[in-house]
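Going by the order they are written in, the chains are A, B, C, D, E and F; count residues from 1 in each one.
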Amino acid sequence: MKLLSTGVNGLDELLHGGFPEKHMVVVFGGMGTGKSTLALQFIVNGLMKGEKTVYMSLEERENEIVESARGFGWDIQSFIDNNMLILIRLDPNDIKSTLSRIKNEMPKLIKSFGASRLVIDSITLFEMMFSDEAERRLNLFEIFAILKETGVTALITSEAAREDSYSTRYGLVEYVADGVIMLRYVRQDELRDVKLAVEVVKMRRHNHSRSIKPYDITNEGIVVHSESEVF
Amino acid sequence: MKLLSTGVNGLDELLHGGFPEKHMVVVFGGMGTGKSTLALQFIVNGLMKGEKTVYMSLEERENEIVESARGFGWDIQSFIDNNMLILIRLDPNDIKSTLSRIKNEMPKLIKSFGASRLVIDSITLFEMMFSDEAERRLNLFEIFAILKETGVTALITSEAAREDSYSTRYGLVEYVADGVIMLRYVRQDELRDVKLAVEVVKMRRHNHSRSIKPYDITNEGIVVHSESEVF
Amino acid sequence: MKLLSTGVNGLDELLHGGFPEKHMVVVFGGMGTGKSTLALQFIVNGLMKGEKTVYMSLEERENEIVESARGFGWDIQSFIDNNMLILIRLDPNDIKSTLSRIKNEMPKLIKSFGASRLVIDSITLFEMMFSDEAERRLNLFEIFAILKETGVTALITSEAAREDSYSTRYGLVEYVADGVIMLRYVRQDELRDVKLAVEVVKMRRHNHSRSIKPYDITNEGIVVHSESEVF
Amino acid sequence: MKLLSTGVNGLDELLHGGFPEKHMVVVFGGMGTGKSTLALQFIVNGLMKGEKTVYMSLEERENEIVESARGFGWDIQSFIDNNMLILIRLDPNDIKSTLSRIKNEMPKLIKSFGASRLVIDSITLFEMMFSDEAERRLNLFEIFAILKETGVTALITSEAAREDSYSTRYGLVEYVADGVIMLRYVRQDELRDVKLAVEVVKMRRHNHSRSIKPYDITNEGIVVHSESEVF
Amino acid sequence: MKLLSTGVNGLDELLHGGFPEKHMVVVFGGMGTGKSTLALQFIVNGLMKGEKTVYMSLEERENEIVESARGFGWDIQSFIDNNMLILIRLDPNDIKSTLSRIKNEMPKLIKSFGASRLVIDSITLFEMMFSDEAERRLNLFEIFAILKETGVTALITSEAAREDSYSTRYGLVEYVADGVIMLRYVRQDELRDVKLAVEVVKMRRHNHSRSIKPYDITNEGIVVHSESEVF
Amino acid sequence: MKLLSTGVNGLDELLHGGFPEKHMVVVFGGMGTGKSTLALQFIVNGLMKGEKTVYMSLEERENEIVESARGFGWDIQSFIDNNMLILIRLDPNDIKSTLSRIKNEMPKLIKSFGASRLVIDSITLFEMMFSDEAERRLNLFEIFAILKETGVTALITSEAAREDSYSTRYGLVEYVADGVIMLRYVRQDELRDVKLAVEVVKMRRHNHSRSIKPYDITNEGIVVHSESEVF
């Protein structure tokens, strides 16, 4: 089974190499846990190896994504210019257009463009578009099936539930994802500085470590301290 | 009373031999607790003894199930080819077809095929198809009654409730199941690596151990450490 | 006041003798706490003394109940054959028929049969049949009134609430019951084996102990260790 | 301000003498905390002093109330026979009749009978009759206003909320009550025997103790140990 | 900025002098925390200084308020007789009349009467009158705006939320109030006597202490022990 | 990337300089945590440097804002008079007018006025105006998009959720904000005085400290003690 590096050494170690090819992996966590940063590292790693990538954003604008990457020293604009990377901004307020683009345009684009990596940032904003629970589930499951069909390897970010940092906001994507990575704040108590910790919760058809490892968001992106304990 | 081995020695010990024949046993736990792995071990154990099996999946595709098994060194494709195992993929988005197939086709198939073991992975995706609580309960109870009628011994996976790891997502299947096995994360605190623990919660008409035992998901599947304590 | 033994010595001690005659006593607890086992002991105790019993089940089929009893060494089939025990299976999916049978048939049957003991296993499946909260309460209160009218002494099992092991699932039956017995898991912490504990919470018109006592589900049924502490 | 003894010495101490005349006092607690027993003690205390009493029950039947009292050695039947006590059973399933009787009959009866004490057991069953929250509140407030108008001193029992033993089930009666007494289980931990504790939470226009005192339900009724600590 | 004494020395200390003139201050807490007592102290303090006061009650009747004050040794009847104090009872069951009186009559009355202090006891009963959340908020915000317009300094009592003693029942009034004072039970554990503690949570345009101070409800009203710690 | 000082030294340190230009930063916390004070400091800092500012308030009136600032020694009236600052009061009860003003007037005003800083106090009162969850989200996302378009740097206050001080009341603004600052009460236990603590939770495209630092609300505004630990 071919494995794709996440671009983060310590995380690749936890994953025993990386994401299995064609897997749809959900990365979830609260605000400020670095989900989008990890997504950027994943695509930059692929781009450096010559893999084409599609980045669908429901949160940030195209120029903001480019700027975010630049902050970490990654010049993704050049990859866009070289036709290696396509950034697509979807409007989380326009349900009709966004749905149609994901269901119809995206699969064709991924195939014709020859993308081997896909990012969706974030799936929670997609889920939020539906006020009816059944509709949300049906559409979520459907786009997972459609995108999986393309054979792309995907990293999909998701917000954690407010009251329960161990599941996503709607508790749905983890059902259909092939893998789940959890980013979490660890507070020894209410008074001390928070630490960030990462854990591979689930990875179908591939063995992985169950260790909880501390990480930092540095100027070079996420760095997982795979050699140390959280405290 | 005839007992069917689960394929996991340490779990058979907790069960005082295995699942009582014709029991419908629910295995529930959070994501990444190895529910599907246990289901695979259960069918492989039967197949090795020459027992025919039906595997109904609402989660993974047929080829993914085969691949998952291969990851543990189990070649279930050969059993499919030898007409010992039938994999059936049900679409969790197509309520009408899935309901009709489970209610009408499945009982006939189980009988005509002569299956002695059945897996449903997962019943939560079945339950999710109903937005009306009463409908969910009625349909769930009905398919349990229909499948029980066939005399098959079943292992049915279920997701744990998000906020309460001691019950299933909808808190219904444990009522109608003959047996319940709980897979659980045990966190000494937020900072240490998680451990996995298994517990037989209920087994009608059969005595069982009430011990909580640690287990690992290894390259050979689930291994319960029946001789040791969780910590 | 005449007292009816529960068939469990240690529990009779907590009850200062047993259930007061004509009381409707609810036994509630989570799955696997032995509610049905206690119900069986209650009827076997009566049958051995020549008391006639009606056992209404919304959970298990008649043959399953017989088999469950056999597992504990109790041959209730012979009592059925000798017209001492009537097992009645009510369909939790058929609201109309079940309601009509409980309201119309049961009172007549209990009287004409001359039953002195009644079991309902479980009232939660009855409560579940109503999606409207008011209807659930009205019907529950009504059947309690109707059955109480018959003068039978009843043991009624109920599931504990998911989030709160100190009340029943709907928090209703404890209002109308004459007595309430709570079966509970006691976990010193998440890591140690669970213990089972029993507590008499309420018994109208009869004094009782407020001790919490450990119990086990053995091959001879429930054994309350009235001489020891839980830990 | 005239004070009416509750019939429980230790509770009178906490109340600095008893209930202020014309107060409507809510006694709330979980099942088995002795709310009805306290209500009986309150009326027996009055009856012994020659005060007339009306006892409205939505829970127990007239004969059951008489029997309950007899269990504590109180012969309230003789007071009924001597026209000192009126027991009224209201049907919690018949909203129309119950509402009409409380609003129309009761005030007249209380006045014509010359009752100085009133018991309502329990107000929660009254509140339960309304599925609409606004209707529940309006009717509750209305009957409090109507009954207060009569000048009677009332003890009204209420169930505690399931999840929060510090408020009543609907969190309404404590707003309109002149006084609130809380009966509570105190569990040092899950493993030890429970203790019962009483606390006067609120008493308008009258000072009271804020101590928490242990009590027992004995063969002579509730005994508050006002001299000791809970543990 | 002119400050109005609350009538409670220790609280004035926490407030660095008292309530800023024209502020609308919410005092919230659970039942029995002395909210109405504090409201009485606030008006008595003003009356003694010759300030006119309007007291709007949705809870107690006029004579009950007079009687409550008398219990603390305050003869507010004489202030009523001397046209210094107006008690107004609003019916929490008559939404139409109560709304109209607060919106139309009250502002005029406050101005024509020349009231410098206002009490509303309690705003929660006002909020309760609306079953629709939006209507509740709109009406609440509107009467705050209307009453603020009059330039009166107001003390408004509110019930604490049942499950969360750190916010009011509906979590709304604290948004529009200029100041918030929290009265709270402090339980070291379930077994010890409760203590009462006061805390100034918010006071716009005025600095205040953030200390938590114990207080008692004595025969002379609330006494804050500003020199001591809670435990 | 240009950074705008928040006006609070210690917070600028946590932010590694200040807010990135054109960022929309949410400051959230419970009542009394000083959100509005921080907003004032942010605009005063800009005004002192000659930057024009628009302050939109849904909570306080214009004169109250001026007075609040004066309490800290900041004379913002002179800036209003000198056409440097525009205070706009929006009516949280008039949904139509408020929406129209924010969507249509504000962007034009910000541009024509040449404002480089914007305050919205508080966004929660905006969110509250919608009873329909989908409408709330759509409108919130839309005004964020519209205001972001103007290129202004914004500080937006938000109330914390009642039950969970780690998210905002509706759990929405943190999704669309570029940055999130959390103000929080830290209670060592229920009995000790509370401390205030600040934490930068998220800041897109800009690295920041993850330390939790204590702060006080003084007569000169918020002072963050960046050199010390919370306890």
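The working rule: a residue touches a chain if its C-beta (ideal position, glycine included) is under 8 Å from a C-beta of that chain, and two chains touch if they have at least 3 such contacts.
As the structure is a computational prediction, the values presented were derived from the model and not from experiment.
Any chain touching chain A that also touches chain F would appear here, but none does. Touch-path distance (fewest steps) from chain A to chain E is 2. Set against the Cα centre of chain E, the chain with the most distant centre is B.
Using the average of C-alpha coordinates as each chain's centre, D ends up farthest from chain A.
Between chain B and chain C the centroid-to-centroid distance comes to 30 Å (mean Cα coordinates, whole Å). Spacing of chain A relative to chain C, judged by their CA centroids, is 51 angstrom.
Counting partners per residue, chain E has 163 as the residues that reach two or more other chains. A ring topology is adopted by the chain contact network, closed into one cycle in which each chain touches exactly two others.
Touching chains close into a ring; read starting at chain D and passing to chain E, it gives D, E, F, A, B, C. Across the interface of their complex, chain C is touched by residues 30-32, 36, 59-60, 64, 67-68, 71, 92-93, 124-125, 128, 131, 159, 162-163, 190-194, 196, 217-219 of chain D. Those residues of chain F that touch chain A in the shared complex are 1, 132-134, 137-138, 141-142, 145, 161, 163-164, 166-167, 171, 174-176, 180, 186-188, 197, 199, 201-207, 210-212, 229-231.
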